[in-house]
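Here it is: the structure, laid out below.
Chain IDs A, B, C and D follow the sequence of writing; residue 1 opens each chain.
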Amino acid sequence: MNRRVGIVSMGYHGFSAVTPDLSYRELVYLAASKAYAAAGIEPQHVDMFICAAEDFCEGYSISDEYCNDQLGAVKKPVQTVCGEYLQAIGNACMLIQSGLGKLVVVEAHSKASNMKTHDDVLSFGMDPIWNRPLKVTPHFVAGLDMHRYLLDTGTTEEQCAAIVVKNKANAMLNPSAAHAGRFTVADVLRAETVAWPVNRLSIAPRADGCIVTVLAEESLARQLNSSPVWITGTGWATETTALETRRWGSAPSAEIASQMAYKEAGITVPSQQIDLFEVDDSYAYRELQALEALKVFGKGQALHALDEGRLGPTGDCPVNVSGGSLGVGHLLEATGAQKLLELFLQLSFKAGERQLPDVTTGLAQAWRGVPTTTSAVVICSNE
Amino acid sequence: MGYNKVACVGAGITRFVRRAKETGRELAWEAAKMALDSAGMTLKDIDCVVMGTAPDAFDGVHMKGEYLADGSGGFCKPYMRHFVGGGTGVFAPIHGWQHVASGKFDTCLVVCEEKMSSTFPHPQGAFITIFDHTTEQALGPTLIWIFALEMNRYMQRWGLSERDVAKVSVQNKANAIDHPAAQLGQKITVEDVLNSEVLAWPVKRLDISPASDGAAAIILTNEHKARQVTDKPVWVSGVGWCLETAYWATRDLYYPVYVEKAAKMAYDMAGIREPDKEIHVAEPYDPFDYKMLHHMEGLLLCKRGEAAKLVADGVTARTGRLPCCPSGGALGVGNPIAATGLMKIIELFLQLRGEAGKRQIPGDPRVGVAQAWGDLMQVGTVVVMNR
Amino acid sequence: MLNEKLPGTPMSSEEFEKAITIEDHPALEYAWDDGVAIGRYLKELKNGRIVARTCSGCDRIMIPPRMFCELCWRPTDEWHFVKDTGVVNTFAVTRVNWDASRRGPNEPPLMPAVIEIDGASKGMGILHLLGDVDPKKVKIGMKVKAVWKPEKERTGAITDIKYFKPY
Amino acid sequence: MAFTERLTRNVDMTAWHGKIPVHYRYTLGLAGEKFFTALKKDGKFLATRCDRCGITYAPPSVYCERCFDALDTWIELPPTGTLMSFTVVTEDSSGHALKEPQIIGAVQLDGADTVLIHRICPHCVDCLCPGARVKAVLLEKKKRAGGINDIVHFEILE
């Protein structure tokens, strides 16, 4: 990357199951005011703003109209990206590397609690001719994918349940986690089936929350923050639209996205060069599937790393120490932002009780959920 | 500015029609394939894909960007969808510019698509949900209301008559006769416009562009790649975008400040100081006839309140000093929202290469500006191109 | 050069009606949290009053009220009641409903307008409807007053004001 | 930097209810029209072939997503295939419990390189395994309306 981009600050609010006392404007203002205060800036100093949002999550036909007032971005260059937060971070880096902007803010929020018919909205994402008329829960896509993944890798339902146990336990040390808890594998396996082999407890429950990131070009970043967290690599990819033509049981989009990011960050052996991972766990099996797509482990090897305790907070390859989406809650388009936030807190040594010792490099990877095949990756470092 | 130069090297467009048999995915493919063929390129030559498409409520699919991915060439590629209301069509090349100017990618396929005909009882019904859900939607508003409110304010502020405004519709719909994608190219008179059904006074049927299905695509590359692909690259020399407050009823609608701010951002980048003299061809956004005038002023192509005079004096005709909407605009070619803006970018691309056929303006046009508008009278997206 | 034969397959409305199509009535339903400012705005509408918020940074009196000033980027200071009268900034007269269906011959036209509310900052308007006035007589700059629903019919909504009429 | 006041009683926390009030009628598309007309009239399964990539798309597509070639080679495939994966769902598309679980499978028709997503016969639960041979069960001709539900489900072949 010709110009280094630094994360100066991240402001966040919410991460609770519901936020009934705040309108979406008020929720975003609170997160933005924390981010700007931590960076010591006013919104008029900011060159560009990017919001990650989807119309039908907000309940508007043109939701980008309503994103700038609460960011203080009136009469400013503001663009809405209908994609994962980590894609918007990649876009912000491009704005800075193009030289068009020095100070860029990226925002996303979840007001999932305001969606009365969440499953209907998700089903409305299916192809209307080939898939939607089957009229079954959208989680069927994850059911087909998980089943194929178990067959291809020999991973068991018990191991996927162990991911739920690990992440919800990690979340006990995260004050911003809505769905923490102590569970056993047996508890998780006892949960009701939704789309076998996917059951209720292995689906990341939803949460409300907003996250605002302040990014700056290298020299400005150093002025605003004595030790910013650097973004050393970004990547994103979409496999395909169709359920009919995708490679079931694997995550090619995560693989392609990570190759892009690794190339920029100069990473050749992820498991050795990256100290912590915050990867997609919107369904428990996806954490293992993602680690293999990211080439952290070989195909069918992630399960051994799990069994040997390597993925835990004290392991040599800590994954989702924040609690992940299973523990913190799924934040719609802001899901990747929560993963990036954990990297920022860990690499700034501000992660409190769950702080990992001497960490320098972290990777965040997020997926946009059913029925999509879009993944995004951001690699950060504090060197 | 340390960015890489970015050029447009290819373009493709489908017909704009009231109802298309194709699915949105198929429409996107038709335009994207034509753009690749026009540049002699294949999907292998494309590093990344940018998709611009407006409300999901039109095609009727949640996360519509994901739904259109395979038809847009996004298979196993970096693919990102942006959405800034009606401004999406001209923001698409800006988003593509960001991908290439940063140096992260060498080539970018920019695709815009809209299929409005799936929406019932009428595509216009999807517009009730652009208003504030708590303080406005209960009044039963539709998009035409806000245009009528703005048109009335604009005409009242500058003392214009409905007749002055109607001339824009006459000019653009006539220009569209020469555009192969046109849905409503036709010879009409000012009287036809004045006598057409009043939808929301002062807006009448022939003051408005139609709801349409359609797709368009262009290919952007860096300078090195552009030289390999064509000997007539058209450079994206200026980009600008600006979003006003959502509290639209607290701003005076007669002048689009957000268009001016976006235009100045683009002009500064392109080194243009006197747009009314240095611009050779313009494609202001014209979903309604008065809107072309409104945006000509926001683009600083003339003094405030004087755009109507330029149209009346033939200055904006294809043979005039400053041709505006030689393509036929949204009024004539059609208005599949996101694809409309990109149709205007494609018109600049063809005009500046002297390849606009029957629509070609005389002389040697070297600098053009295209603009789109959207949201609640709120977003301006402006691109300057030059050869 | 755009060749004459562009892709795209148009269908007439007859062809569309004859063709096989897949129909879907999605349930896309929401309950948006009002929050502090809009929550109070709706409560006061139920009480027959219009409440605004003030900002000492830019001296604006803002409706609809908001807990932050988007221009000064600071919290707004106080609640402030404004009048239920105002001035027509602009208006339209329409016989078309939200879904493009036409209003019946004996149905009066809808007259949407931006009404600058007295007591709020200059130019601070809201969208509402005009009523009880001949469309030909409506002028920009006309002074209008809110006509409220009877108290027991008010629910805490912008429609608790039926319309604004000249006074 | 926060607000001068917050809501501190849950009874003051109100919400405004609303919805997106439009509905939809989708065309089948160029590929869909051909596929569903053949299925409706003759109970036949059509596919398209991309010769450059050596891929047969079933269900068909008029373009190849990989190389972007136009696909105008139409072929007919048998109604039989192989079950690549399946899942047992307990909820409908609104998240409400189904009266009884349904099985959704990814079926690769013989001769196809892609899968068709559809229901699997609920009575075949015990002989369900990926790799199983399946056959399409269609509605009788006069009941077929042209759509994916013209297929009742795929049954497992012993």
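Following the convention adopted for this analysis, a residue touches a chain if its C-beta (ideal position, glycine included) is under 8 Å from a C-beta of that chain, and two chains touch if they have at least 3 such contacts.
These numbers come from a predicted model, not from an experiment.
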item: Label of the chain whose CA centroid is most distant from the centroid of chain C; value: D
item: A-D or A-B - the one linked by more C-beta pairs in contact; value: A-B
item: Gap in Å, rounded to a whole number, between the CA centres of chain B and chain A; value: 34
item: Centre-of-Cα separation between chain D and chain A, whole angstrom; value: 28
item: Inter-chain centre distance, chain B versus chain D - centres from mean C-alpha coordinates, in Å; value: 36
item: Distance between the centres, which are taken as Cα means, of chain D and chain C, whole angstrom; value: 41
item: Touching two or more other chains - residues of chain B; value: 19-23, 25, 57, 60, 70-71, 75, 121, 125-129, 132-134, 245, 247
item: Multi-partner residues of chain A (at least 2 other chains); value: 20-21, 26, 33, 56, 59, 61, 68-69, 74, 114, 116-117, 120-121, 123-124, 128-129, 132-133, 240-242, 245
item: Where chain D touches two or more other chains, by residue; value: 1-3, 6-7, 13, 15-18, 20-30, 32-33, 65, 94, 147
item: Overall pattern in which the protein chains touch one another (line/ring/star/complete/other); value: complete
item: Touch list for chain C against partner chain B, complex; value: 1-13, 15-16, 19, 24, 26, 30, 32, 34, 38, 41-42, 62, 64, 70, 89-101, 110, 112-114, 123-129, 135, 140, 157-159
item: Residue ranges of chain D in contact with chain A within the complex; value: 1-3, 6-8, 10, 13, 15, 17-18, 20, 24, 26, 28-29, 32, 57, 59, 61, 65, 84-95, 98, 101-102, 104-106, 114-119, 130, 147-149
item: Footprint of chain B on chain A - complex, ascending; value: 2-3, 54-56, 59-62, 64-66, 68-69, 73-83, 87, 90-91, 93-95, 97-100, 121-122, 124-125, 127-129, 235-242, 245, 252-253, 256-257, 260, 368, 371-374
item: Parts of chain B lying in touch with chain A, wherever the complex brings them together; value: 1-4, 23, 25, 54-57, 60-71, 74-85, 91, 95, 97-99, 101-104, 126-130, 132-133, 239-247, 257-258, 261-262, 265, 269, 374-376, 378-379
item: For the chain A and chain C complex, residues of the former touching the latter; value: 19-26, 29, 33, 36, 42-44, 56, 59, 68-70, 72, 74, 111, 113-117, 120-121, 123-124, 128-129, 132-133
